[in-house]
Amino acid sequence: MIEFHSVTKRFPDGTLAVDDFSLVLPSHKITVFVGTSGSGKTTLLRMINRMVDPTSGSIEIDGADIGTLEPVKLRRGIGYVMQNSGLLPHRRVIDNVATVPMLRGMPKKKARDEALHLLDTVGLDRSLANRYPSQLSGGQQQRVGVARGLAVNPNILLMDEPFGAVDPIVRAELQQELLRLQQELGKTVVFVTHDIDEAFLLGDQVVILRTGGKVAQVGSPAEILANPIDEFVATFVGADRGKRSLHLENHGDGDIVVDETGRLAGVLVGERSSAGSESKAGPRGPGASAQGGDSR
Amino acid sequence: MIEFHSVTKRFPDGTLAVDDFSLVLPSHKITVFVGTSGSGKTTLLRMINRMVDPTSGSIEIDGADIGTLEPVKLRRGIGYVMQNSGLLPHRRVIDNVATVPMLRGMPKKKARDEALHLLDTVGLDRSLANRYPSQLSGGQQQRVGVARGLAVNPNILLMDEPFGAVDPIVRAELQQELLRLQQELGKTVVFVTHDIDEAFLLGDQVVILRTGGKVAQVGSPAEILANPIDEFVATFVGADRGKRSLHLENHGDGDIVVDETGRLAGVLVGERSSAGSESKAGPRGPGASAQGGDSR
Amino acid sequence: ASGDPLAEPASSAGGSTIVVGSQAYYSNEIIAEIYSQALEAGGFTVDRQFQIGQREVYLPDIEAGKIDVFPEYTGDLLQALDKTAAGGTSDETYEQLQAALPDNLRVLDQAGASDQNSWTVTADFATKYNLTDIASLINVSVPITVGGNSELETRPYGPTALKEKYGIQTAGFKPVEDGGGPLTVKALEDGDIQLANIYTASPAFESGNLVVLEDPDALFLPSNVVPVVSDKIDDAAAAILNKVSAALTEDTLVQLNSQSVNDELSADKIATAWLTKEKLI
Amino acid sequence: MTWIWSNLDLIWDRTFDHLILSVPSIILSFVIALPFGALAHRYRTSRAVILTTVGLLYAIPSLPLFIVLPFIVGTSIRSPLNLIIALTLYGVALMVRVVADGLGSVDRDVQQSATAVGFSGWTSFWQVELPLAGPVLLAGLRVVAVSTVSLATVGAVIGAQSLGSLFTDGFQRGIQAEIIAGTLATVLLALVLDAILVLIGRLLMPWTRRSAIGVRVRPDTVAQEVTA
Amino acid sequence: MNFVTETVAWLIDPANWVGAGGIPTRLVQHLLFTLVTLVLAAVIAVPIGFLIGHTGRGRGLAVATSGAFRAIPTLGLLTLVALWVGIGLNAPYVALTVLAIPPILAGAYTGFEAIDRKIIDAARAVGMSEAQIVLKVELPLGLPLLIGGLRSATLQVVATATLAAYVADFGLGRYLFEGLRIRDYGEMLGGSILVILLAIVLEGVFALAQKLVVPRGVTAGLPTDIRDGSSRSRPAMESTIKEGTSHVRNE
């Protein structure tokens, strides 16, 4: 469990990036920070592993104030995945994954062995292990990034727009992969994105931020979608533009779902059901992991 | 009307970017080329203004083979908008817009006057006219790009992922703006994107390409969505991942539309209707423009 | 002298201005400045082109008639024009030089002042090994390293000549491109070199720390100061320059040099002061 | 240091001589380097040939070049022209590479969009590529200016008057103040020319001055600062 | 073109290839002098450059001072220092070290700066200490540009070391001065050609070294991407071209 207590961050140049932010991020859940550029998402994320120190307020991980911990040591226990993967270009894939365990003193051979296993975990072929990052596609690089983040078997995984730079198809794949992994591993994930669709897909808890690190709304995707707290949230989730107001149209073969701007959303199948454990509309328990495990 | 007749493009290094491509692009309509990276979208687009010359085959505009036209002259009669706007960073906004008319010999003063009008047309405040492109936001830059594309009052407007680099909210705005403009101006638009949602929203005719410039399917959005011709298209439009297979869930306040992956698509409003002129499901005639004109 | 009626036709007949050149050597520049001021006082217009490198750079220009007056040194110039020249006494050298010059050039009267090459050691060194002339270098029991401008190594009076004429074996050559200037003197004093080529008019001798070794076998040619001139110099101008040369004695040159090096005065001030004192202007 | 005060006119004269040598060389280097740099930028084969040639040119020590040049071009050895030609050669050697790199640094998207809206090759070169390469060209030109000013002093060894004459003269006369004055004046002159170039750059390239609202990296800033 | 034959004659004259003043001796002197100067300059410039590159601080100052350093005429410094310390190699060492510092400094800090900030940020985020970031990330990635700076410095020093013969019996510059003074163009040009050849050989060595130390991963993926995806790294590379690998000579 990660707790923010009245955290404020003002950068030396005067920018108030985060203003009196308090929130509890539940363990084994995915919390998504979503907001436009400059809304302080990255700053919030980086305060968790002390890449940024708050100006005031405190952050606790499982009850321990991280301000008292040695940053380098703290970071080695927290997974970190960023856009463009942040891999070391001069090291092979396998060495990138093995970096942190080796920094923590694991023997090279063991670290590499475990790295190979991690490549399996994130769905990468072991034959890629000896390539350099630049020889991989964007999507493959992101998978390596995730593998590296998992290498120390951390309880917490921080992800800063990890899929922001890959194309939509690969992105969808990676999102599904993350959901699968999470069902399997049950980490406490903090995920940053500016794509509301991604936030709704991945988040157990979604935090919508406005500029200046102010919380606009916190809740499950369904709660937010059903009751946007104000106009800003409504705009942000697309409700005001009619993007979320769908209606049905009959077009020969079946019912087509169309939003108010005329965009096709899809084809209607199945019958009306009430909110179930499989959808993001309700809380998703760890129990769901059995099903996800098979799909690997 | 733009016609591709068995057009093939093989680059000097051997890459077969477009292979025996034939298609008619109707006048006053938006044709969207959509496909993953490297599928030849840009190449196809650039053959229309002779930035790329086909290896074999021919392209006709309103019956005239463009191979016989002088490229520079041809280009000055066709609007071109690209990702990152392609504005000249060393010229002020107004001069960027006035560039092509002045190249065509229009007096400076007149060109600038018209450029100011065009800024109105694309919804930009005239006070921005004397800024440099780098002083504008990404969305504003794209608007300037569109204004520049319209400056010679061309019949044809080529747009290469024009909204690819702006954030989702601004993107949605720009898309609506383009639809409004198109209802007003009725250009023959060729639009390239790799975002299938964007393609379905904007395209009267959508061309799904696979790698190597092969056509996977051509049709109206509704036709494609209802009957994906093969597995590739189904994957591409998201049908196979269940993204397009929507079902309803009841969640207190109303019906929530959810896809098979659990992603929230929106809230159901209104009643089932049959396909009408307002939706992309059917062909949209120029008659629709009267209604759109008001919205300006 | 500025009212001299002869000056007018003279300067207009031979072209409007007289070009005076100088080596990139401060002492030479002072003499050139003296020539210039004297000529100007005589009503001539002078174009100063000073500090134009060493002989190899400016000699072609003099030969081509681009420079009209140039302060030179009889023996040095003779050797530059004729490597095998015999030399001899000051007057013999002067005569040979007149013969060796190309047709379009001549030399005017030579001055009493000379600034010639020399083999020089420190006074301490001279005392220690009892040195008086070049031949006595044979007494020196340590290796002798020679210093001077790099051309010295191959000059007719250089280390090779030392061996051939006096039987002195030297141990090596260190170039110091300051024309026997302060750095050469410093090298002598520091013991980096033992024997140096220093021009006899150098103010460095004023201190008394340096001793010129005598040269009975005439290794060095006498090098009296002499203006080399082109056809453009008419009798009037020549007369002015000859008057200057007559006043320019051995001691004078050392004093002038000392004013430049020790008092850090510029060439034009030194020249004006001297010409005024000698009532030449 | 009294030497400096009593010889200000001499220092000023030599500074003027120095300007006569260096300013034309700097301008000529730029003008001559443009076509060669453009050629090197445009074609792969000419690039190899041209860049190798200028690379070799730069390896020639200056002193012998000053001396040999008159034999080749027929100027007098101590004529300023001789030195100007030599300095120009070094400037060109440096600048050609810069021009090629500068043109190469122009955003391809911008270039392509210029072509797409109907700029012809020639117009595009003058109105788009060259101005956009401007910041890199300026950075290179500043290096050329500083090194030309510095290099011109070597001419004193062969008798071409410049601030370098203060070194050779001060060296012979043992006047340290004279050498120091020459060195300072050279550095100062270089910095002044550099500042003038920066100023010209500001005037000619106003768009680089305005700070961007969006966080757009200007490709030129690094280069500009580094060579400052 | 008589001086061409003179030059060839001088170069092939066996007498010039032996003894203390012979070409091999002077060549070795020249080379050793160059090496020592480079080491001296590197010892001063590299740590400063790395510090600036790593912290991003003091950059403005370093840029300004190295700009001024660049403008210092080597001949002036050489004669001045020589008046203080006398003849021999001390003065040339000082003057040429000053000459070599700016390019090496620039190579060092641009090398560090050219590294994508994200990579360093990520390294810090996964728990590398500052020392580890310098040694394991910045050093290998910045090395190519540092070597570029050394390369540029080498070329300048080799060519300019000829001036050392102004105050010392030393190196290939002796042929230049002696040839100049006695109007022996064969000797002068022969000496120049030797300097040029030496410079070319060293260039080759450095080009090779630069290839060898570029981490393979940095080049490995590039050829597959035909279309230009490198706009990110471009600004930094450019500056290096100007700074690290461009040859600036101040004599």
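For clarity, chains are labelled A, B, C, D and E in written order, and residue numbers in each chain start from 1.
One rule holds for everything that comes next: a residue touches a chain if its C-beta (ideal position, glycine included) is under 8 Å from a C-beta of that chain, and two chains touch if they have at least 3 such contacts.
This is a predicted model, so every value here is computed, not measured.
Asks: Which number of steps is the smallest that gets you from chain A over to chain D via touching chains?
Replies: 2
Asks: Taking contact as defined at the start, I'd like the list of chains shared as neighbours by chain C and chain D.
Replies: The common neighbours are E.
Asks: What chain lies farthest away from chain D once each centre is taken as the mean of the Cα atoms?
Replies: Greatest centre separation from chain D goes to chain A.
Asks: Which whole number of Å gives the spacing of the CA centres of chain A and chain E?
Replies: A distance of 48 Å separates the two centres.
Asks: Based only on mean CA positions, could you tell me how far chain D sits from chain E in angstrom?
Replies: One centre to the other, that is 19 Å.
Asks: So the centre of each chain is just the mean of its C-alpha atoms; given that, what is the distance between chain A and chain C in Å?
Replies: That pair's centroid distance is 88 Å.
Asks: What is the distance, in whole Å, between the centres of chain B and chain E, each centre taken as the mean of its C-alpha atoms?
Replies: The mean C-alpha positions of chain B and chain E differ by 53 Å.
Asks: Indicate the residues of chain E shared as contacts by at least two other chains.
Replies: In chain E, residues 82-83, 166, 180 touch at least two other chains, as defined above.
Asks: In chain C, which residues are in touch with two or more of the other chains?
Replies: Answer for chain C, listing residues that touch two or more other chains: 54, 182-183.
Asks: For chain A, what residues touch not just one other chain but two or more?
Replies: none
Asks: Give the pairs of chains that touch; include all such pairs.
Replies: All touching pairs, sorted by chain label, are A-B, A-E, B-D, C-D, C-E, D-E.
Asks: Going by the contact rule at the top, pick out the chain E residues touching chain A in the complex.
Replies: 118-119, 121-129, 132, 136-137, 140-141, 215-218, 220-222, 224
Asks: Would you tell me which residues of chain C are touching chain D in their complex?
Replies: 24-26, 51-54, 57-58, 60-61, 66, 178-179, 181-183, 260-261, 264, 266
Asks: Which chain D residues qualify as touching chain B in the complex?
Replies: It comes out as residues 107, 109-110, 112-120, 123, 128, 131-132, 134, 205-207, 210-214, 216, 218.
Asks: Hey, which residues of chain E end up touching chain C in the complex?
Replies: Residue positions touching the partner: 20, 82-83, 86-88, 165-169, 174, 177-178, 180-183.
Asks: Chain E touches which residues of chain C in the complex?
Replies: Spelled out, the residues of chain C in touch with chain E are 54, 56, 147, 149-151, 153-154, 172-177, 182-183, 186-187, 190, 192-193.
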